[in-house]
Every structure is written in C-alpha cells, then in structure tokens.
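Just so it is clear, A, B, C, D and E label the chains in written order, and each chain counts residues from 1 on its own.
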C-alpha cells in the first residue's frame, strides 16, 4: 500500500500567530497513525486541517497542500472531502436532538430513507461504539442528557455512520473508562482493515497499543514521525525522548 | 481528623429511573478520595449530589442526607454549599467571555474589587493549573477559542478561585497530556494539605498514584470503598477484582 | 463590599420589572374598567355571540361576533402567509447569505417594521385591492384576503428578526459538528437548525400575531369594514378597525364608547388565549 | 433519492426569500416612485432641512425638518425609556421567575403588542396628557414626553420578547457552571447573561425602534401635532403622524400627496441609517 | 387643593389668556388651523389689541364629538363648543345666554366614478333612488336604469356612527338602513379614493373633496338640485349640515377678537380650503 494522504508544507496561523509550522507528512493507507504531543501544541488544529474543518475558523489562514489520493483537497468539494474524511471532535457535542436523530442525521443525507435500514445502521454503529446496550430503550431521549462518556461514544458512532475512507479521531477516549476504551481500541484495530485512522491521543500507552505509526508534535512542528515501536523504543530526537520519559506510572 | 462529609442513604432518580442507589459513605477530611467505575454508572451524578448541583436537573429526585461537618447541606443555602464545595465539571465549559473574565467571575462575586489583587489571583490560579505561560499574553482572548486541554485547565483554575473547603473534580485530566496531568496531580497532592478532594477518574493508575481512598461504583452502587492500596491489592468484592483486572497496558 | 452592589442591582431589576407589570396592569385595568358599564346592559354572551352591531340605533344592539371572527380570520391568514416566508427568509439570511450581504439586507427588512400603516394601507388600496378588482373581477377588491396579504407583509420583519438571530446562534454552535459529517448546508438547515429553532419561530409568531391583531389603519383601508360574517373573498370588519373607526365619533362615557372598550377587551382576551394555546403546544411538542 | 428532496427544499427556501425580497423591493420602489415628483419642484436639501410645511399655502413650502427631528426625538426617547425596563423585565422573566408564573406573565405581556393603537392613544390622552396638565401645570399636556412614554409602553413587548428567549437559552447553557462556582443568580445575570445577550438586546431595540417610528395613531393623539421644533415638554409632530393626518385629505397625485410619500421615504431612510449604525456598533463592541 | 383655588381666583381677576374649544371632530381641524394662523400672526395678546396685556396667546382645540361640545358648554368645562349639526331646542334651553356662530356648511355630494355612465343617463337621482341604492334594494346598476351595465353597485360610506353618516342618514335615508356590506371608509380621503379607483362605486363625498378632484369623481344632482355653493348656502341642496361654534353667555373681549378673526375673510378662506362651504 502507499500514502493515502500527503501533507505538503502545511502551515496554519490564527490571527497571524503561527500554530502549525510547515508540516510535511505522509499518512499510510489502512493503518493507524497516532499524533501525540503536549496540550496546546496544535494537534487538534493539525487534524482539523486534514478535512478542511479549520477553514471554518474565521481567523485562520492556511498555507500548503494536502493531497488525498494525489488530489488536492482544496480542489474538491468541502462536503466531498468530509464524506471521505470523517472526524470525531475533541469535545463530544451531540446535536440537541434525540439519540436516534443524532445517529440518522448523516445517513438520511446520504440517501437512506428506509426506516428498517436506518434502524439497522443505528443499531450497528451504536454497538460498535459500545453504547447500544445502555441506550437501546432510550433512543428517543435527548442526546444531551447522556453521561460524558456516553456522549463521546455517541459521537464516535455518529462519525461511523458516514462510512468514510479516513477517520480522524481527536482524543476519542478521553472521557471513557478502561472497559470502553478497550472496546473502542479493539474496534479501531478492526476498522483499520478497511479505514485509514488518524488518532490524537495524550495517552502514550494507547498510542503504543494501537498505532502503526506515531508522530510527535511540539509547538506546531512534527518533531519525529515513524513506526510506533521505533519512535517509542529508539527516539531519534532528544525532545521526543524527554517527552516519552516524562511518562510515568 | 475525621469525616468532613457523611453521605446517608443517598438515592437519585431521573424520571423514576434509579441512577444512584442508597449510598452510604464517609469522606475523610484533607484526603483525596477517588471514585472509579464504568461509564454511565453514575459517578458524575453522585458527585453532583454532593454540592446539590444535581437539583438543577429538573427530572431528578433525591433521597437521603448529606452532612457537611455534621450539618445537612439541604438546610444550608445552595450558594453557601457551593462556596464550600467547589466543582470542576466533566465537560470543560468556559463562559463565553475572555479568559480574564472567566477567572475573575467568582472573585468579583466574593468581594474582591481591587484590580491588582484580581490580577494576582488570576495569575496564581492559572499558574497552579499550568496554563499561565501559554495564555499570559492572551488574557483578553475569548476563552472558547482555547484548545480542549487548555479549556480544561482553565476550568480547574476557575474552580480554585473560589477557595473552597472541598473540591469535586469530574475527570479533570481527561483532555490533558502526560505532562499537564502530572502537573495537576502534583497540584492536587499539595492542595490536599488544605483541601478535601474528591476526584472522579477512569484512569486507575491515576487513582493509585494520588488517592488516599478509593470507591468503586457500579450501576449506581458503591461496591467497595476503602484505602486505595487495599482496594487495588486485595479487593474484597469479586466485581471490583474483575474491574481492576480488566485493566491492561 | 461587592454584595451591596449586587443588592442594588437586584433591586433595580425588580423595580424595572415592577414598572412594566404596573404599566401592563394599569392598561388592562383601564380597559376593563371602561368596559364594565356595557355588561350592565348587555350580557357577555350576547355581546360575544350575537350578530348585530348598532350602538346608535333604536333599539340598541351591541354584539361583535362577526368582528371577532374577522379579527381571528385575518390575523391567522396573515400568519399563515407570513410564517413560511418569514422563516424561509430567516434561514436564508442566517445560514446561506454571506455576512456582507446579510448586513445590508437585514436593516432593509427591518425598515418594513417602520413604515407607517397609512402608507401600507394606501399601497394596499391602490395595488392589492385594485389587483383583485381588475384581475379577479371582484365588484370591489376589499376583502379578508387583501387584509391578510397586506398584514402578512407588515408582520414579516417581526418573524424574520426573531428567528434569524437565534438561527445564527444555533448554526454557530453546531455547524462544525455538522460539517464534520460531510453533510450539506441544506441538510443541516432542514434537520438541525429548523428543529432547534422551534421556540424562536413560535416566539416570533406570537409577537407577529399580536401585531396583526392590533393593527388598525392599514387593515381598515383594505378590508371594507362591513360588519358581516367574514368570507375569504368578502368584506369584513376587524375589532381594531371597529374601534378606530368609531372611537372618534363616540361620545365619551356613552354606551357606545364603553362598548368599543369592551370590544378592545375581547380582543385582548382572544390574544391571551391564543398565546396560551401556543405556549401549551410548544411545551408539548418540545419533549 | 434524498438529494432530490434536498434540492427541492433549497429551491423552496430560495423562493420564499425571493418572495420577501420582492415584497420589500416593491414597497420601497412604490414609495420612491410616489416621492419623486416632489423633488422636481423642491430640492432634497430644502425638503429635509427647511422649517416650514405648508403644502396648500401660497407660496407652497414643503420641508419637514421639524418632523424629522420629532420622529427621531420621540422614538429615541421611547427606546431610552423602554430599553432598561424591557431588558430588566426580560431578565426577571427568564432568570428569576419560576417557569409557572412565567408561563402566565409572558402571554400577558405579549398582548400589549396586540392592543390597537387607538386604545393606547385614548389612554394616553385621558391619563398621560391629563396627568401632565393637572400635576405639572402644563397649559396642555400634549408633548414629546407624553408621546415617548406612551410609545415606550407600546414597544415594550418587542424588546422583552426578543431578549427573554435568548436569555433563557444562555442561562440554560451556563447556569450549571455558574452555580458550581457558588455565585448568586444576580451575579450570573450581571456578569454572564447580560454581556452574552448583547446581540439580542440590539436586535430587539432595532425592531422596537422601527415600530416606534412607524406608529401613528397613538402618537398622533398625544403629541399635539404642531409642526414646530420639538422640545421635551412641547408639542411636536412626527413624520408618521403628518402622513396619517394629511393623507386622508390630500388630493391624489397633487404635490401635497407626493410630498407625504416623500416624507415616508425620508422616514424609511432615517430608520435604515439608524439600523446601519446600530449594526456597526454591535459589530465593533463584540470583538 | 389650594393650587386649584388660587388658579381659579387668578382667572376671575386677571386677564384670561387661554381659550378652550371642544367638540366636533369635523370642525376641530378647521378651528385648530385658524388658531394656529392667529397665534402665528400675533404671538401675544398685546399685539392683537393694545389694551390687552403682554401675555402669550393660547388656544386649545380638542375633539370629542359634537354632543361632547354641547355638554362641555353646558357644564362650563370649555369656553366654546364646536358642533357640526343643528343644536336642538332642548339643548339650547340648558344654555343660559346661548350664542351661536355659523362658520360654514358641510355638504355631501352623491358621487360616482367618471367611467360610470350613470351621470349621462340620469343626471339627477331622486331621494328614493338613493335610498334604494344604499339600502341594497338595487343590487346592480341596470336595476336603476336598464341601459346601464349589469354590474354590482359598490357602496362606500363613512363610519356609520360618525357625523357625516348621521347627516346622510337623517337627510336621505330616514328609517332605512344602509346595506350591511357597504364599505366603511376610515376617512373622507379614503372614500373619495375608492370612488376614483372603482368604476362601480358610489358614495357621499364631501363638497370640498369633489372640488379638489374635479373630473376624477362626478357629483350627481339630488332631486334635481345640483350641489353648488349657492344651492348649499341657500339650503336648496339638502344634504348638508351647519358648522357651528357655540357659547354660553357674553364673550370676553379677547374671545370676541378671535371669533372676529374666525369670521373674517382670512378665516373663511381656510374653511373653504379645508373642504367646507364657508358661511360668507
């Protein structure tokens, strides 16, 4: 396989403050790539650039190119880009609708009308995200009433309903307990047979467990990027080593 | 020392669905108590009961008593309860104001008018939460523009401005990287000289690292509660053991 | 101490509210007080449900059933016309147009609220009524329909203003999530913004309904002011037109005068009940 | 396919918007068209800035400077009075009152919007004007002040409705966080809800301003209708009162008639500019 | 309380600089306009007459209907009453030293749209025909005269409680009622506009409005008498009412000065301009 996504000289400014600084990177197809790095270093900004979500921030300016299968995403329809590159945001924000409506929101758009089919999708994706058992009797409840972790799982399930080629996950397990985290990780590893996955995580052991490739980001730059084992076991950059060794417990 | 908080027969229902089931518990003064348990088991609901926040959910009914220094918190002023028992919510939600205004929001209420003094407080608490260096030049920026982890640290700093006796923290490190997590943990251990701290976490090693006492919650019940080492090393209940052993990595 | 300031602030807010409640009560009480003499002569039921209005005739008859129907008919018609147009325009303004064009178009729409009703009435008379006469061969174009159409234009800015502002807020909050799902703007509008703006749409409709029921001059000029049972293509007379038309000539403190106030009181009550029903509906829709 | 439905939906929304823009343009064009003949006889500057209005005199003079000032004066006065009361009441309704009482009080306030202006005018005449005459020894109570006060009551529901709904939304979103800090309701109102509702308050004010400028009948009855420079305690005449008062008597297609439309056009432009300024201010406040 | 007393005393002894008018809403704008001119011309009383003190000139006009005007004069709450109908003997009996000044006449013409050929076919309508038209007995124009088109007659009236309609009711309709679905125009201007805009409309336009819109609306004769100034003043044309200013007791000198101005040529010109037939 090869690189499904090529990032060339990507820079992002907010109000002329450089947040992402000239990143060059290739993302391998059907692999899991983890982005690690301290809070505020630009991880979210970076992955938001990958499906052009960053353009919605009004004070941003973007330079460089991102090629999806060799095609610049800037030359594509925004919607098309996002259909192909799905995303789960860092802060889980369900729509102020019922759980069911949250789940059918995208499928209805993609042309699925049949009630039975919709129900199947809702069920399937909620099961993958490990939420189905908890909410199967409350599908009509407002999604905003769910617990923090439940909301996060709902958002993951919602992103899966789009059936994207690439899935961007911004700290998808931050509000989850071990069991659910394990569920999600298992799911991601299964999904990587079909999808390309990019995951932002502050949990190094998570990156170790599931990622094929890992990138370490610091102050808007990719300090080091490579196979996960190599990066964790023999980091080439002193800063990477320091960051990993800061780890404990 | 003794128990600063006594929880007697606490039950919470949402729309007649039992979420918290008859909890009895004593919280030790100037110690860190961790609440662990799977997602959706009622952890947030439980700690929201401790400072009467749960009463703001309209579909809730609450039974039982919570005694703060022997006094039923139901007989106290809500505001007074919350002045004494501060809280950091699971989803970090800064007010749609500037960072500075977020930080001075409570101090202004508690009577601090002097600009210099306010500035000192803002600086001090932001430093404790490890956010000061990152935002010191952008104190007038809208807080909603901060990164996920920055928002979480801001909310912790904001809770500290109240100077409560008891601090309730609902997964305060969920969006934080290792370094910042370490910072916060260090801070909490220091604070436990003065404050009583109750922390909800899905990170077992975090509980092990910092908590004096740990309670394991399942389906709205406290399955086991005791010294942290005892609970982790020789759990009495089979379910506790299963939950802990589910741990990995 | 800061808490002292807070007390003062609380007192000010309470005072201001007290003020508006005082005004409200005062106006309601005034209208009720001026209405009461009528009900010493005519029973409330007769006043409400009989057909004839002839306060100066011998024997006097004062009943406003046709006007009640006409008021409700014309206003609801106006709402039915204005609601889709208003909500549609609000959607377009808030979610489709660029900020730049929006900033010009919005104030332009807002001025619709500021055009004096005489001018609306005149336009209605010269254009709308004429149009019906010429194109539909009405003997005279004054009709409930003309009133409804004219009113719908007049209440448009109230609906648009109330919806647009909250739609912008909702769109700001959820747009990113929705776009992250690769869904089009139109889908977001239909499945997210519209359902989430229900409350604002209702609030706008209620405000507009009040405006429609209270409006006088413009309606008066295009509806014919005949106190007969209203038909869509027929003439009618609304309560507010009745009041405006006859208040000038009614002798102060005469039965006629009091009857006009009583008509105003009835209008108030109708509005109150319709609002209550609206509030009830919205409460039950939004579970 | 669903996308087809979506296309239809988009077309409907666009059509509806198109409708309202057509209506808007039509009305504006109509007014402009009817105004133009005036400016063939009188220069725009003379029309705007000279003092005398005497369209039937010999020589004719048609200038509306005093009315322009009066319109602005009375409406701004009304806003100045109504804004604090309205915002205060909205705060009270949304953040202090229990849901139950709110559900009764809100529809009651909304009916204020539905009371016909004649009745407001009459109350103004019988109560407000009388009050000034008796208590302040005015030779006659008809005055800008009376007009401003009366108008402020009439526009109150527009301000309250627009603010209240968005305050409830904001309070819902942040109340829990605020309460978690042990802060009182009043502190939250002052330091969180008020600053976050700025936009709604502005939107409400603009709507109310439009209503105030366009209102005719009620103002006409209490302001004295003297085409002199307005003073707070003196008589004055607003543009809309001028139009309503003279439109009935003006010969169609006479200069007088066109001059009245031109006055309406000026009113529209004033409103437009004030709205633009408002929008500009709100844009720059909310950084 | 004491303030009111001192005020009353003052008005008894001192020069009364205010004049109050109350009554007919038809007449109110006329008196208001004339008083505005009067005030503009003189500003203070001493300019009217050297014997008067240097006090500001205040003339207040408030509308409330003719009957309210009579009532105000009876109970003394107003200096003058404005009445746009004849004052009954019973009312006169209640006013000591009754005085009345006829300012002018308000006449109503039965007018139609120029496109309506009725004025060619029937130059004059009889009272009975007018009754039949307005009461709805004739529904179509061809019922009035078979040569006319078979088109619905559109009746336009003023509000049925108002002064104008009262005159029409009394002088033409008698006991008969105007048909219910007649259009009630909110102002005389609207009534005239309607006649101008609708070719089947008929209504009672005021004399003044007809003169302003010659050619755009056509007044018909009534019982063979055409609505000319002479016929109206002489009383031959019957659909008219007097415009009166009434007073209880003797006039004060300053009041007389204003009434003189009212009845002067300048005053009469304004009466005519406002659409009425001046008394002189």
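By our rule, a contact is a pair of C-beta atoms (placed from the backbone, for glycine too) under 8 Å apart; a residue touches a chain by one contact, two chains touch by 3 or more.
For clarity, every value in this text was computed on a predicted model and none was experimentally measured.
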- Query: Shared touching chains for subunit B and subunit C?
  - Reply: A, D
- Query: Given the contact rule stated at the top, which pair of chains has the most C-beta pairs in contact?
  - Reply: C-D
- Query: Whole-Å distance, subunit A centre to subunit B centre, using C-alpha means?
  - Reply: 28
- Item | Mean-CA-position distance for subunit E and subunit C (Å) | 35
- Message: With centres defined as the mean C-alpha position, give me the subunit A-subunit C separation in Å.
- Response: 49
- Task: Note the residues in subunit B that touch 2 or more other chains, in rising order.
- Result: 108-109
- Query: Where in subunit D do residues touch two or more other chains at once?
  - Reply: 6, 184, 187, 247
- Message: Touching at least two other chains at once: which residues of subunit E meet that condition?
- Response: 186, 190, 193
- Where on subunit C is subunit D touching in the complex? 6, 9-10, 12-17, 19-21, 23-24, 27-28, 30-31, 84-89, 91-93, 96, 103, 105-120, 122-123, 127, 153, 156-158, 160-162, 165-166, 169, 184, 186-187, 189-190, 199-200, 203, 206-207, 209-211, 213-217, 239-240, 243-244, 247, 261, 264, 267-268, 271-272, 275-276, 278-279
- Item | Contacting residues of subunit A [partner subunit C, same complex] | 51, 53, 56, 78-84, 86-89, 93, 95-97, 101, 105-106, 108-109, 155, 158-159, 161-162, 164
- What part of subunit D is in contact with subunit B in the complex they form? 173-184, 187, 191-192, 195-196
- Query: Which bits of subunit A are touching subunit B when the two form their complex?
  - Reply: 14, 36-40, 44-45, 90-92, 134, 145-151, 153, 170-171, 174-182, 202, 204-206, 208-209, 243, 246-249
- Message: Quick check on the complex: what are the subunit C residues that touch subunit E?
- Response: 55-56, 125-126, 129-130, 133, 139-142, 217, 220-221, 224-228, 234-235, 237, 241, 244-246, 248-252, 256
